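For clarity, chains are labelled A, B, C and D in written order, and residue numbers in each chain start from 1.
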């Protein structure tokens, strides 16, 4: 029984697709700013899951005003040559974007639910740091702010249950990539002279077409937020135990190790790992094991260290419930998804990395080959400089 | 099997050249082309000449069965003759390039050899798609040969050559695919077999046939090239390296006429009968027009290039006469033009290697310095002029006779669309050909000696130490086979004519029921009938 | 078998009276007849091989000359043997190999057969005899004449090839073979005229000859095609079988068909080109740029008579037409050419040119003879002309050879009295007498007479204006005598005086610039001491003298055939050929008082006319039967029997011309019969006359500006058209249409190009905008 | 430091959030943050002239995309999104390596990091 993604059991969220389609009708009015505070009622619109729509959470008018103010702020924050209202711009932008997010939180509070402080904290840090990444005049600081963004992103990953990736992000991004950036920045950013250590390169000091860039970025943002109105909603609680079970079914080693650690096998015969599935009823979540030492079994049952015994006919075999908290972790899931679902992609990623490595080696090698004449001239020139 | 070998061996040779050392390039090419020639000769021996109308030596390998595409090969006498011409020219081209190409030999010889495969493929294909792929594939090596090894204006020439012929071919593909689609709609399965498609195409309505003919001609006429779409040819010829010009004149142009013979004539007989006069008119205009243009050229190679346009006009004219003599003349013309014009390009190339100019203003009276070269130049010029006893005559004569008798009255006349005036006006092309070719020979070969500046003190300066004044043995070796071919085909064309008879009859069978209406019935527009003199009694 | 056996028995004429030519079923001839063209071909190939493999010792080897002479001699002997073995009356067909053989059906006319086969009847024999005979003789002459030329092997190769082509032309058994030879002699003519290829004028003349000939060839080709479509065959025996029955290939009567008119007209154009008749005559005078033996053989004796041969060969086809349209044209054009060439010949100073124009003029006679229905006269004139014109040319050649290319009659005088020149002078005299038609003792007299007499005899109803033709020919005869003896009187008699030409030809100076006119200028004769004023004329050697003597004798002996049999030997041969046409207008008195063939008088019987009743469609208007014998009266010459009085009349004209020449150009003394008064080479009484006639003399000297006229109306416009076409091709077709089509995408690209600023941000902005647009599109799509 | 913070203090809440859902924090919240990060990246890429900053901006865009992917992954209860983030990381790493190598190369040629220096592709 090889279970694969996509052909597996139905998930709860799948049933929503019909509603997603139905929700489009209501969206016609949404960009026009017709907002009905129908939060929680669900009956005012033909769409039953109206609360999941964007306008249920934030007033679009407010959203767009917030975005516009943010755009002005970002515009001001971008480096320019003469008058440089960077700080003011940063403040305005932060206020605007923060306001939007805060509004989201207030809305959530209105619904009687406490906003998740952690989310707002890290979202704010990420956005603020991102703002500084693109506006700071000194590349080194930009890179450092980017590390901050990465870290807060990682925090949000954790909140989303992706612990593995959160740490992978920190290790790869903050640990490797950004360090490379820093090296390159230091290599490539040279002060014009010793006196002007503080001087900025002209291309750092001045943005190119800031109005155009900001307009483009925020229009894109507005368009994307508009798209969200297609009906995404809150994140359902993890309800899919079956999926976890399914993954566990493929991880006999993990089950064995877990059962072993819990002492479930005390007094019972420990099956070979590859034979485990013969004893294991995945759907029921039980294992049928042969009794080897009845006394030890009873001892362990007495110690309440073993799982519940489903049936014990007093014979040679007993049926044991698997521990209720025995399920696939995030890493198990990612690993399984990688190996079972996207093995070719994994290989490709390896190839990409290898190629990139080779490419970087080739590119970074000094390639300017001087001809003999040019070399001679260069030598002469150097000699001349030395004599000076 | 041998046809496969003829396609694969050049490719293999090309690969070997590309991967081998530079010094071995020309040797490998020579060997490969000689093997090809040997195999072609072997094929000619295996071919059952008694049954020359049937497709022989073939075989097919499915390629895309669901789409009906096959690698399907087979030749009749016409195709085999053209393959033999290709195989004969190949070693000569390699041999003729020894001194002309001194750099980047691997690239040159590899592409030169790679060019042979699709050319053979075109002639040997029995599958339409395979034919078309080969037809187009010839462009790539040629493009590279021109753009890398041509003379000063080569980039433009190569691009023009490629784009022009390619654009035309796309239209031809549209026409061919329409026929295939039509066939698939009728039979329910895709097939690209030429014989099958031929049946379907013949059953199309006149309107459909006309469009299909127009589409096919758009591609093939560019390749031939017919009058208004000929301008790529002089440029490409002039700029191409010698062997490139030779293969261009010798084989590549024949792809167009061969395609007309193989596809246009049998596929759309009704449309051809309807528009034969128009095609013939274009051919005739091309004959005279290009001929006159030749006369005012200053560049020898360009002159010969334009003469190709003029000559192939005869070829097309003979073909649309829709009778045996015309078609035989036309097919023979393909081979003859390949021999004589190819040889002329060789001669001009040899001259160019010595003087680095082709301008008639700078050259003259070279017979004095290079008598042997002058002999060959004169010889092939005369073959090109159509002097009886040499090859050009038989084909030109038959093309014109076919044109003349097509639709003519009298016992020697046959049903057909053309007639007296077509032959008479096309016949002026004979005069024009004499004018421009003798003009060229008179300027370059004869007359007082004139050499470009810097060549006057030939003996002192040794400007061309690597080449003696007159032709070397190798160069004579290039020209002699062609000269022999010219004489043999001129003196004893009977075997070739006999072999072509069956396949042509096979092709012309498509016209059995076709009505050349303009020339039947009362509306007899022989202009001559009107000026016939009154009877004797009245005269007295 | 003797020559006398060749005399035909005119039984067919006597009995049937309606047979217009003697059609005989051919019989297979011996294969060795193929040696006649085969041997010269071998010679040509060997010479060529010597040339290509550089075995001719740089032109010093005499092998080519002797080889070709020997082979031509053998060829002549073979021809002679064949002729003697030939059963008179029945043509031979000798099949060599299949050349072109195509069949698209089994019915009549559904195949094209043109084999390498030979057809030998009286006409072919006549031509072949003098082609090979004269060829061999002139080849011998050339072996000395060309001795010091570098291109010795080349010359003899082309020379031999010429004989091959001429053999094919004459002996071919079908029109395609004739066409092969026709073009072949054209090629050899081209090669030999352009023999001195470093001389621009020679190259131009060669080119001109070839191209003008090609115009005629087109006519011939079209005539050939029309013959084929009409008769379904191009083979003589089949063709003439049909024509003799008066039907075309499908059995329909030819009477009144347009083909009957046009086939001869088209063939005639071919004949005009090759035989240099007006308006296609312009190449022949220029052709004198070639070596003199070439002029003698090709451009006087043989090749230019190919047109006569063609018309004679195809005479039945010419007679198919009831109205004889083509023969009318032939007669008029021939007469006009004869007269025109004579006028030009009178005003020239270059003796070789004069001979060239005299050739033109005599060819005109031959055509006129064909036109006035005397194939016998035309063929006999061809025969005699071949001898005496060859003699004249070779004599001129000897002069040219000896005097370093000097040909101006104003700069030569008194050769008769110079040492070593006597044979040349005598030969010249013989030739001149023949050409002038001095009575009785010259063959030219008899042959020319036959034509003029026939012109007067032929009724005007048959050939309209035949009397006028006769008068013009008579006057031309007088002019001929004048310009011929103008040459003789000025060059060969009188005080010894000469001025050498500017060539070093024949003086051992065999470097590359033998014939002047090349880039090294006129260094030629300076090289051997002429610079100090001592020029020694180079008297001809044994070969030249021998050949000249032989030809002079031959010219005289050519009288004899005229007296063999009723119509002469030539007439006998013609009777056994397709060219036979016995007009019989008036009593054709055999010369030398032999009995006249009384019953040879018969009506003109064009084939189509007499075939009409045979096919059941009698027409009293057109059928000759309607005219009782004698109804169509033969014309007369001023009321007298033309044949009887013509001898005296033409004698009168000839002598008048001679006397006029003696008066104007004759030196003091016996040679000019006491009326001449010239004492120096340069001055003569003629100069005063020339002034008197004003510009006409100058115009005649400039050949009536015909060349310039052609240049103006043909060559220049054609050249202009060619330039226009070239510009059109370059600018309109290639420029506007092709490159214009290519310009569209280029313009589009040029318009869009500025968007590619090259700056990264530009592309990024574009990308972001693109994403934005896609997002908007998705939004709009999902909203609607 | 931050990681420690997350590990020690936030872990129980996080655990609760995973167990019982994110409460009021909807997918939209995460997507909005992701989009803002992406938009900032776009702005940075378009507005800044320093090649390195431009590449940093692309990394910022990557971050936005990655956050969105993780959120969707969570939303759909599968790991495909996370797998994609792994690829994003891969590509980012590869891109960083190559791009920075290129930057170094370019800097060697012109002694400048200004993107406008390089416009030889101008049409």
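One rule holds for everything that comes next: a residue touches a chain if its C-beta (ideal position, glycine included) is under 8 Å from a C-beta of that chain, and two chains touch if they have at least 3 such contacts.
Since we're looking at a predicted model, the values are computed, not measured.
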> Pick the pair with more C-beta contacts: A-D or A-C?
Replying inline: A-D
>> Mean of the CA atoms for each chain, then the mean for all of them together: which chain is nearest?
In response: B
>> Report the inter-centroid distance (CA atoms only) between chain A and chain D in whole Å.
In response: 9
> When the C-alpha atoms of chain A and chain B are each averaged to a single point, how far apart are the two points in Å?
Replying inline: 68
> CA centre of chain B versus CA centre of chain D: separation in Å?
Replying inline: 63
> Taking each chain's centre as the mean position of its Cα atoms, how many Å separate chain A from chain C?
Replying inline: 103
> Can you list the chain A residues in contact with two or more other chains?
Replying inline: 208-209, 212-213, 216-217, 220, 224
> Which parts of chain C, given as residue numbers and ranges, touch two or more other chains?
Replying inline: 761, 765, 768
> Which residues does chain D have that touch at least 2 chains other than itself?
Replying inline: 42, 45-46, 49, 115-116
> Looking at the whole structure, which two-chain pairs count as touching?
Replying inline: A-C, A-D, B-C, C-D
>> Help me check something: in the complex, which residues belonging to chain C touch chain B?
In response: 48, 51-52, 97-104, 108-109, 112, 116, 176, 179-184, 187, 190, 194, 197-200, 203-204, 206-207, 210-211, 214-215, 217-218, 221-222, 225-226, 228-233, 248-250, 255-259, 261-262, 321-323, 325, 461, 512, 517-519, 606, 608-609, 619, 621-622, 718-719, 721-723, 725-726, 729, 733-734, 737-738, 742
>> Looking at the complex, which residues from chain A come into contact with chain D?
In response: 5, 11, 13, 52, 54, 57, 74, 78, 97, 100-101, 104-105, 107-109, 111, 113-116, 118-119, 123, 126-127, 130-131, 133-135, 139, 142-143, 146, 149-162, 164-165, 167-170, 172-173, 176-177, 180-181, 184-185, 187-189, 201-204, 206-210, 212-214, 216-218, 220-221, 224-225, 228, 232-240, 243, 330, 333-334, 336-338, 341-342, 345, 349, 352-353, 355-357, 359-361, 363-364, 366-368
>> Under the stated contact criterion, what part of chain A meets chain C in this complex?
In response: 24, 27-28, 31, 208-209, 212-213, 216-217, 219-220, 223-224, 226-227, 230
> In the complex of these two chains, what residues of chain D are touching chain A?
Replying inline: 2-3, 6, 10, 13-14, 17-33, 35-50, 52-53, 55-57, 59-60, 63, 66-67, 70-71, 73-80, 82-83, 85-87, 89-98, 100-105, 107-109, 112-116
>> Residue numbers of chain C touching chain A in their complex, please.
In response: 761, 765, 768-769, 771-772, 775-776, 778-779, 782-783
